[in-house]
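Both complexes below contain subunit A, partnered by subunit B and then by subunit C.
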Partner chain A sequence: MGDERKIRILVAKPGLDGHDRGAKVIASAFRDAGFEVVYTGLHQTPEMIVSAAIQEDVDVVAMSVLSGAHMTLFPRVKALLDELGADHILLTGGGIIPEDDVAELELEGIGRLFGPGTSTSDAIAYVKEWFSTTDEA
Partner chain B sequence: MKSKRPVPEHQVLLQGFLEGSVLGLARAISVVENERDGFQDLLHTVMTSGPQTKRVGFTGPPGAGKSSIVAAVATAYRGLEEHLGIVAVDPTSPYSGGALLGDRIRMNDIATDPGIFIRSMATRGSLGGLATSTKEVVDLMDSFGFDRVLVETVGVGQTELEVTAAADTVVVVLVPESGDAIQAMKAGLMEVADIFVVNKADRPGAPRLVKELRQALHLRAGRELRDIPAHHGVDLGKAMKRERMSDASEQEVEGWAVPVLTTNALTGEGVDKLLETIEAHRRWLVESGELGELRRARSGIRIRDVVDREMRRIAWNSERVNGLLTQGVEEISSGRGTPYSAADNILRALLQDRA
Partner chain C sequence: MSTIERDLLKRTDLEKALRRSEIEVADLKTRLAEWEERYDALPKRDASFSTVSGREVKPLYTELDHSRAHKPIGYPGMYPYTRGPYATMYRTRLWTMRQFAGFATAEETNQRYKYLLEHGQTGLSVAFDFPTLMGYDSDHERSLGEVGVCGVAVSSLADMERLFEDIPLDRVSVSMTINGPAIILFCFYVAAAEKQGVDVSELRGTVQNDILKEYQAQHAWIYPPEPALRLIVDMFEWCSDNTPKYNPISISGYHIREAGATAAEELAFTLRNGFEYVERGIARGLDVDSFAPRLSFFFDVHNDFFEEIAKLRAARRIWARGMKEKYGAKNPDSWRLRTHCQTAGVTLTAQQPENNIVRVAYQAMAAALGGTQSLHTNSMDETLALPTEKAVRIALRTQQILAHESGVALTIDPLAGSHYVEALTDELEDEAMGLFEEIDEMGGVVLGIEQGWFQQEIAKSAMRQQREFESGERITVGVNSFTEGSSDVEIEMLRIDPEVEKRQVASMSDMRAGRDDEAVRVTLAALTEGCRSKENLVPLILDCVRGYCTLFEIRAAMEEVFGSYKEPVFF
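And now, the complex of A and B:
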């Protein structure tokens, strides 16, 4: 029916971390890629992120974590999403995250995590690819 | 509506919606927003009880503080135990088709309140200040059972006045930097406003804007001449009054005089007064019978919208019509036809099909 469905994505900046440049860069890159990007600003708690993700019915939550708290934040958001029946949402993100941690988080069901120097087009391609294999409603 | 069966997945969704699940509402909105198969049936099913909720629209130029006002107002309504739905519209880029929906940034304080549901929408090419399906989403929220739905438009320029079709009460938010009252008059904001709010009222220029707005509003209402003594033997006040009375309805209730309020959304100053005024407007709507009129007018618009959209869908999804379109293009390029003859063929074919 008409145009392809828009990808809706929440770009979230959790925790006590004021460095939102990366989040803003990726948010505008997603927008330029034709996504509908919900951006909620700084200092979000996992509860705020999950509540927004559900109300906005996004396909993807992309978190930017530069604070070193990724091993807490990603699993917490993932757990809340699952708990509230929103396990269809892809949780991905980026930040300064050591490779070992990336591997561990992937085992816990978190999507790809992008490190410094990633080209925005890689992230866009990843989300589009994921979306094309899962689109339902 | 009898010809189409609801899509099975929508049954599950509908169940969730009717049970009051937030997830159900969120997904129902997506189905409507994306015009998925069967979305009309979904709306038809949930909308049968008619409009119940109070709808308040917030519009104004970009940066006036609409989101902050909405957040402040929402907080105040939560203090009164009201359940709220909020729809916030931001523009879609005509170049990429993408959108940055940032209204939630100003609403962080209410983000996890279970009594508030916030949904951001992108305009997706619609030019009226709302998204194509905002009115339907408000209907969904209405059916879901919110006490009140707040609708925030995109930052408007001079022509985006569709909010009147979605709200019972329209609050126009301006700031001293919005320019003088002439700008508001030009933009048609004078005609849509039920309440004016000059936000960021601590800034220079606020008192001047308030004064100008009040003057402009009096001019519009014809009140300016009421208090002017007879001049050259003609009592203009009386003359105007008589004229106004003749086209007024038989209602006894006085008209609504658009108030101009001041707020500072960040400190919360003036928000209580705004709430009171919204309530006063509500009472006026009910007592004057205007609410019924408004809802009737809105129903008319909604029916037209649905018919327009269905006609387009029926036309351009039809192979026959698309064949006639191609044929028409050929006829025009070979000098045997015009867009009008081609359109005539298409309309005939459509009417035949439907007869």
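And now, the complex of A and C:
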């Protein structure tokens, strides 16, 4: 079935930050683009996010972080995914994340992180591209 | 002359005037038709002629678009306050230049406050970190990685004392942006003032304390709506008796707008929330005039210059009418809408951030022309990280240039009578009234929140704006157009050292070690008991605070009775 399968994505809001405009816009845009989208709601711990990702059997976790806590939250979610044998899941996201931090997080195995002013179509294209290269394997 | 004769004469005068105005209107219509013919014949630019809120704008406005007799604009400081809440406006005092600031620990933020005061800022505004906003102590496990990052960490009276060290609280007005645990932070503040030896009845300032918009847009809640509303009415009651110069609430449209709402939605949801608080106060048995004069507002000032000015004018008129006619307030201070404004964070771009200085400047100008009482201007680098001192100084200088060089503060409500601005003011008022009806039909504000109606309306508007941006229909300079040079951002960034969290956690444990544990236990238990009764909770929380109970301990003592809020999840 390959190309026919819908990509499943979990849009997640970790931490205490309540700014969900971006997360909701991204969730709607992915749904409109034919993805199966699950949205966690606000104030999630890394544990809650990883458990939802595994339970929902998603391909991708997209986290929105505007609180400045990205250097804590992304590595923590990544470590938990790896620990629970879910390292096939792509961890990506966006928010207010300085370029130096983006580079550092990429080195730790986190996918692309999108900043303010991003077009949703860029994020969608990125995930589709990632999926088409990994799905062949 | 008999009364009948006099009446007859009056009637003829009126009829004459009416005929005259009919002739004038007919004449206007003829000339307008003539212009329209010319306008239609000429080519137009390929662009959308609508405001950022999606409002279609006509190419030309005339007196035919407004001057409706039932919407008089009146005079400043007089009902219905369209032209401003005060008779003299900026001739007595310029708006308060109040920059929102807070980061790291109380000591570091205290230094920034002193810096701002030395540079001519006239009021303080506290930004708390996310743990504080949600009622968690710095040493709570949920606070990990967020302590002092987006604002200052304040977990007990000890932190509040350090925050205002050497800043006399009877002489500086302080605004605090806090909502879910607002009543607790307010008590920290009152107790810190007591410690300074200040007479608390002299306290001036504002606590945001607007929980309804938290459920709708900003999402820093703790308790479900009903107990949360009780806490707010407790504050109204306590403040009117004890801190008569202090505003116990700032009813905020800012976050509603930033989350995606249109100008009309921001206006309507905010004012309807305001009226909800008034109804709750009246239901408690409070005299409306005992608390309404201290209700204050907070609006966003977004990109569309004229629409934002009209929004502020319409807000004053709707509030005045509602308070006088519907809620029977008799004190003019209860009719008068006073507001803080902030330029729109959401309009700032990470690309070519220097351009943000320009955006902020004209948004600030709209706030002044709209008659704001205080203003925060955003710093150009806020989409990248916390603002640096230099960026904050430029933002403050923007207000000073506006106030002292541009001439906008010379005369009151200078745009009054502009066909466009008056028409927009009328239109926004009508739209808000329409939205009020929708909310009432749905069963009111709390039901609308529980059903996710407000949240969905806001998300829909956000999505429309995103689509317009992505299709290129709406231009954002430097982001989807004129992007040359957008990739070379050279901006210095303020970073919070991870050591801050460690220092704050250590200072919490010192504080805990030095307090009277028995007093902590007793005052917290009394508070939990109080939550079960109808007693005003402010004195009970003050007792906890004075004995250095922490934010989370007090939050939890109330949560035992009140429970916590669960959001309706959707997108």
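We adopt the following convention: the second predicted complex is superposed on the first by the 132 of 137 C-alpha atoms of A that agree within 3 Å, B and C clash if a C-alpha of one lies under 4 Å from a C-alpha of the other, contacts with A are read in each partner's own complex, and residues count from 1 in each chain.
By our rule, a residue touches a chain if its C-beta (ideal position, glycine included) is under 8 Å from a C-beta of that chain, and two chains touch if they have at least 3 such contacts.
Remember, it's a predicted structure, so these values are computed and weren't measured experimentally.
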Partner chain in contact with A:Arg5 - subunit B first, subunit C second, else both or neither
first
Partner chain in contact with A:Ala123 - subunit B first, subunit C second, else both or neither:
neither
Would you sort A:Val61 into first (subunit B), second (subunit C), both or neither based on which partner it touches?
neither
Looking at A:Gly115, would you say it contacts subunit B, subunit C, both, or neither? Reply first, second, both or neither.
second
Identify the partner contact of A:Arg21: answer first if only subunit B is touched, second if only subunit C is, both if each is, neither if none is.
second
First, second, both or neither for A:Val77, with subunit B first and subunit C second:
neither
Figure out whether A:Ala33 sits in contact with subunit B (first) or subunit C (second), or with both, or with neither.
first
Show me the subunit A residues, by the header's touch rule, that subunit B contacts in one structure and subunit C contacts in the other.
27-28, 31, 37, 39-41, 43, 45
Quick one: in the complex, what on subunit A touches subunit C?
11, 15-21, 23-25, 27-29, 31, 37, 39-43, 45, 67-69, 71-73, 96, 98, 115-117, 119-121
Show me the residue ranges of subunit C that touch subunit A in the complex, using the header's touch definition.
130-131, 133-134, 136, 142-146, 149-150, 214, 218-220, 258-260, 346, 348-351, 383-386, 459, 462-463, 466, 469-470, 476, 479-480, 493, 495-496, 567, 569-571
Inside the complex, what are the residues of subunit A that reach subunit B?
1-2, 5-6, 8, 27-28, 30-41, 43-45, 47-48, 51-52, 54-57, 84-86, 136-137
Which stretch or stretches of subunit B touch subunit A in the complex?
9, 13, 22-23, 26-27, 29-31, 34-37, 92-93, 96-102, 104-105, 108, 111-112, 117-120, 122, 124
